[in-house]
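Read from first to last, the chains carry the letters A, B, C, D, E and F; within each, the first residue is number 1.
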Amino acid sequence: MISRTFARRLRARESLVGYWSQLPVPAVQERVARHGYDYVCFDAQHGFLDYRALLDGLIAVDAGAALSKSGCAGLVRVIANNVGVIGQALDAGAEGVIVPLVDTPEQARAAVEACRFPPKGVRSYGPMRASLRSGPVTADMNDEVACVVMIETREGLANLEAIAAVEGVDGLYVGPADLMLSLGGRTANDEALADEFEATLARIAEVAERAGIAAGIHTNEGTVAARRLAQGYTFASISSDLNHLDKAAAGHLRDARA
Amino acid sequence: MISRTFARRLRARESLVGYWSQLPVPAVQERVARHGYDYVCFDAQHGFLDYRALLDGLIAVDAGAALSKSGCAGLVRVIANNVGVIGQALDAGAEGVIVPLVDTPEQARAAVEACRFPPKGVRSYGPMRASLRSGPVTADMNDEVACVVMIETREGLANLEAIAAVEGVDGLYVGPADLMLSLGGRTANDEALADEFEATLARIAEVAERAGIAAGIHTNEGTVAARRLAQGYTFASISSDLNHLDKAAAGHLRDARA
Amino acid sequence: MISRTFARRLRARESLVGYWSQLPVPAVQERVARHGYDYVCFDAQHGFLDYRALLDGLIAVDAGAALSKSGCAGLVRVIANNVGVIGQALDAGAEGVIVPLVDTPEQARAAVEACRFPPKGVRSYGPMRASLRSGPVTADMNDEVACVVMIETREGLANLEAIAAVEGVDGLYVGPADLMLSLGGRTANDEALADEFEATLARIAEVAERAGIAAGIHTNEGTVAARRLAQGYTFASISSDLNHLDKAAAGHLRDARA
Amino acid sequence: MISRTFARRLRARESLVGYWSQLPVPAVQERVARHGYDYVCFDAQHGFLDYRALLDGLIAVDAGAALSKSGCAGLVRVIANNVGVIGQALDAGAEGVIVPLVDTPEQARAAVEACRFPPKGVRSYGPMRASLRSGPVTADMNDEVACVVMIETREGLANLEAIAAVEGVDGLYVGPADLMLSLGGRTANDEALADEFEATLARIAEVAERAGIAAGIHTNEGTVAARRLAQGYTFASISSDLNHLDKAAAGHLRDARA
Amino acid sequence: MISRTFARRLRARESLVGYWSQLPVPAVQERVARHGYDYVCFDAQHGFLDYRALLDGLIAVDAGAALSKSGCAGLVRVIANNVGVIGQALDAGAEGVIVPLVDTPEQARAAVEACRFPPKGVRSYGPMRASLRSGPVTADMNDEVACVVMIETREGLANLEAIAAVEGVDGLYVGPADLMLSLGGRTANDEALADEFEATLARIAEVAERAGIAAGIHTNEGTVAARRLAQGYTFASISSDLNHLDKAAAGHLRDARA
Amino acid sequence: MISRTFARRLRARESLVGYWSQLPVPAVQERVARHGYDYVCFDAQHGFLDYRALLDGLIAVDAGAALSKSGCAGLVRVIANNVGVIGQALDAGAEGVIVPLVDTPEQARAAVEACRFPPKGVRSYGPMRASLRSGPVTADMNDEVACVVMIETREGLANLEAIAAVEGVDGLYVGPADLMLSLGGRTANDEALADEFEATLARIAEVAERAGIAAGIHTNEGTVAARRLAQGYTFASISSDLNHLDKAAAGHLRDARA
């Protein structure tokens, strides 16, 4: 089943679980989608993904969604807060974008405008694959696109409330690694700063809740995702195909040589 | 460390553990290789792999091997027992091939000849990447290539001893799924035939041992690989990146929604 | 809607209309599938298609089928009557193959066996994408695969009845261009031989009908397809994206300069 | 015949007809070019095109042009008004760029400078394919490149005369869909605003004429292109391979089932 | 200038010089073609070339030929003497094929038939790119295709006269490396056998001359090509982009560190 | 041998020789790396390289480095001074970037920050391949990345000392072609300006020396590289595979026809 309601579910602060994909293999994304994830997010910033991987991968998510019970949306974490690359992801059929490194309300506004057609925004018209699943009224197409901004820097934290208040921002998304480094972590996962990190996560979720928008976070495992959702986050991504594969390969080798 | 001794280790019936790769992502194969597997085998018969995936993937195995303690060889399970495709895999730098559906000693001989330069065989000269790691004497190059044939059909079982006796066959490799179907299984993993299946596996390992050649088998998990190696198999592949990823995605979703 | 019943519809001699695709663009095949064609056939013999185009294209057909009212099957016209390439197409999710240049009942039998798992045939087990939509019982998987053979040579015509009688052949498919050349045509569409050509087409449809199997044919336009279906053919392909595009580009230029 | 005079013909306000290409298939662009179009424009903003599609496609246009009577130029509609991407298109052999979303004279100036080598502009030197058809004098190379800016926003309309007056702007190009949305259209083709839309088109053509530069427009059909050229536009693109293919597939299916 | 007369020039035993290409970069082949080589041969047996590299590369040769004074033909050294792969190369626009490992007159006949449409041969009709430059009469298309067979084995040498006598064989082509190994060479370039090797080369050229067909040979440098042409060979390939690049990189490093 | 010390060697002003790669063929870069170059730089601004070429090419450099005596680093000349594209190159495993068109100290600072993780910079965390060869402490990862800025414009020359003084700039790199054009050259290699050009080169090397940072330059041949290194430059790139191949093809043809 394919449902084009991801943006609405996100805005309604439903509890959503997604998978984070970094490998350029549509046949992988098709499999993930059919398992029943609410979304598959293509990591075009750090993943091994070029444009063709996004385009064919988003098609594959729709094919996999047709095999799942509840549908699955394709999202893209874009490489930059840029009208061209955001438009390209949406044209390719993404139901939403996650925009990295948003530090100010101005940047948040730019992200929103890149997701909306004129006169609400500056997205250029050419909804190549998007139009297959939408009607022609652009206001409706605007509604079907989720705009999520990443909070992952010191400046972004300082401007948190103002960013959350920008009209059209549908959700905040925590990048834990950069956030930890911004807090002064020596590594992306610095135990010494765990308390401050957790407090910051709690604050972000609260700000989102007060603003009535979604709060999302990156996790490495399903159990962590469950915990974050229980703590007030409304959506959580499990990351990633590359990491899971790396761990599986290491584990099986240990087992084989045991 | 890169060692070009895979064929020698295989012939010496050392205990070897490999990983079975079906995804066209060299950066994945590099990671697997550096974990310390003895080989990574590219599945060009059933995997999502085209020629470029083989070529760039074999390079990546060499890059990963340089990061591992013990080296790692790249192998290819070719799509057919064909001199062209076997030569192409070897030119691309594979240290050996696993040839499917070998039913007769004649077919085994053809596989061997496809792996050897004249006058020993019919491999055409053009060792594009292979020559980077070999000297120019073709007899030496022949020695560095492992030729493994798959036993996976009723006819192959019937000719088992004769196939194992073909000069130049360096190992037998069991394809459990097709073997099970050949025994009459309703599915590729039919419990009703488990006893006959195990007996057949034991027989294959024994035939290989008597012939003084390697015996290999396909497994889905490291623990199974360990068991097969304990039972007399000299090498075992753990399969595959695609399956491991599929299971991980399903498992994390269950955990996240628990 | 996705239905895995193409082979059954074909065998029931339902009237089916397909589209013939030669361009390596999954986003094109998705669009074609959603229009409601009964099948999209990927031309891996003469089209501009490599393995990745087949794999990602078959996924795209499934995505497009989910948007159509009645489903759409992905087929592959393979480059050769070869167990490796036929298996690769089926693993990638094709619901059937069209096998070129089948001249004898032996060749027809080989095509059938390449489509069936042991013990019925010699297809190697590894239903990568196929398994997403099938259960694990291989006899069922065999049933879901359509095997169509092409009649396009003088020898094929001579052996027509014997080929149609081979168990497991689900349909005959006329390649009009090669058939015309085999009849002695100077070009692939030689008017001088039109009568003999039409008589031959009629004979092929009759032989298929008597054998109780499907009869298919290649056409360049929808109107021709309609006529062939009215004449006794049970399925017709309209060919092709490349040709249609070529004609459209020429026509619009004429209009623009008029 | 290959002629490197596109920029001169454009500047001379000759009447030119182009084709708009969105599919990553060089063999398609070769065919289009040989039909005699004055240009093929690669849509790198909304088309399914990555860098390799541009590079190999521009080569294919040159191959097709060699088969045509009058030559054919390759252009690129770039994804952004950015010196890097504009330079990359020109290095790949484009004889001109169409730059989207130009709203101000400053932006128009930036587009021009991205197309010119120092000291006239800021294009970085590396005319990979461009140098195959040009001499080494950079002033000459500058002359051979057409710089066309898109008028498609409210702000662009407000600055129309100023943009047209920027030295080095060789033409204005209307993006009808975004223009319609900017005028307040509910859809990209809103009948309710047809009069205002037509008046705006007329104004743009007049401004271009007064400025002595070319005026171009996007159309869906050859007949519309003919009409626009008759109305004062000096060049018109017919768009696109994807749309034409989509319509052909739908039409043939209707015919086949009639 | 593009001329489709390569086959005729070859048959007329004109002296022709070609370049041997192993890198999958159309922009490289375009450059080579414009230098004025009589042909560029794509090495699909040992080169790093997949189908897309052939297709886009053959287009690029035509683009480069248009820049040269005398035209340049694209050829393909196919991976196997197989009707499917030979047809695919010709459909993609190759003006001829070089078929490896031809050992017997029967194999030579098979190569010829794979190059000719019925009733002369068994090539399947679908001249995708070939038709852009040919008329529709298949006998003419047959005439425009050069069929060259490789002599590189002991058996091939034994059958030399019989192979040369097969109707439709347009030329013999020496693979020096395999030939040397077949003569018993320890390496592909074994000085110890130089006399026998040279005598064999002379014999092949004589047999070709007596049969009235072309005689070609593989060389590593232009000076060697010149020598072979002076010795009676009618065409010579200089091999290859990969080797030349390798040598250049090594040489410049020596110079830089001198 | 793989050494991750390129940045340290560069900062120590060791004499380094690199190769400039513009062809998307990892198997070529592997060969170049094993010859013993200190670095291979991928030209993502003007080369025929997309993201996949960078990623797989950087893996290939590591594979080739493992075959060399002294290691070889992979660098990327990025298409723009942009945090997204710089991060992508470093994630893919580049040990440094060469950033074009740096005109001001502010731009130099932006380049540096794009290369450093917070709090020192703004690189987003996701060291996909980089982490295979580094520890988890981000300060260490920062140290291992070389940031080189290009001096190639009039404005850059005017700000030379200020740019060299920016903390974190590890080297200056001369783009001779653009520099020549900036000086007023009619071509990229204008003999009339040779004296001013040489004086400018000398000045850049001196400024770098006084600032205690590296000075690099682009050359076409090893002999020129040797001369530049003798004149005070600390690193020199030899450019490029494409040019060397083009020259080799032209030269061999001359020889063959002599």
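To be clear about the criterion, a contact is a pair of C-beta atoms (placed from the backbone, for glycine too) under 8 Å apart; a residue touches a chain by one contact, two chains touch by 3 or more.
Each chain and its UniProt protein: A, B, C, D, E, F = 4-hydroxy-2-oxoheptanedioate aldolase.
Every value quoted in this text rests on a predicted model; they were computed, and no experiment measured them.
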Item checked: Partner chains that chain A and chain F have in common -> B, D
Note to self: Going by more than half of the contact pairs matching by residue number, which of C-D, A-F or B-F reproduces the interface of A-D?
What the structure shows: A-F
Margin query: What's the farthest chain from chain D if centres are computed as the mean of the Cα atoms?
Written below: B
Item checked: Identity of the chain that, by mean CA position, is farthest from chain E -> A
Check: What is the distance in Å between the mean C-alpha positions of chain E and chain F?
Finding: 39
Notebook entry, point to check: What residues in chain B touch two or more of the other chains?
Noted result: 24, 27, 31, 48, 50, 55, 82, 128, 242
Item checked: Inter-chain touch pairs (all) -> A-B, A-C, A-D, A-F, B-C, B-E, B-F, C-D, C-E, D-E, D-F, E-F
Next item on the list: State the interface residues of chain C toward chain E in the complex, per the touch definition above.
Entry: 22, 24, 43, 45-48, 50, 79-80, 82, 100-101, 152-154, 175, 177-178, 181-182, 184-189, 242
Next item on the list: Over in the complex, which chain C residues touch chain A? Could you list them?
Entry: 2, 26-27, 30-31, 34, 55-56, 59-60, 62-63, 65-67, 128-129, 132-133
Note to self: If we count contacts the way the header does, which residues on chain C are in touch with chain D in the complex?
What the structure shows: 17, 19, 23-25, 27-28, 31-32, 35-37, 48, 221-223, 225-226, 229, 236, 238, 241-242, 244-258
Next item on the list: Give every residue of chain A touching chain D within the complex, in rising order.
Entry: 50-52, 55, 82-85, 87-88, 91, 117-119, 122, 124-126, 128, 136-139
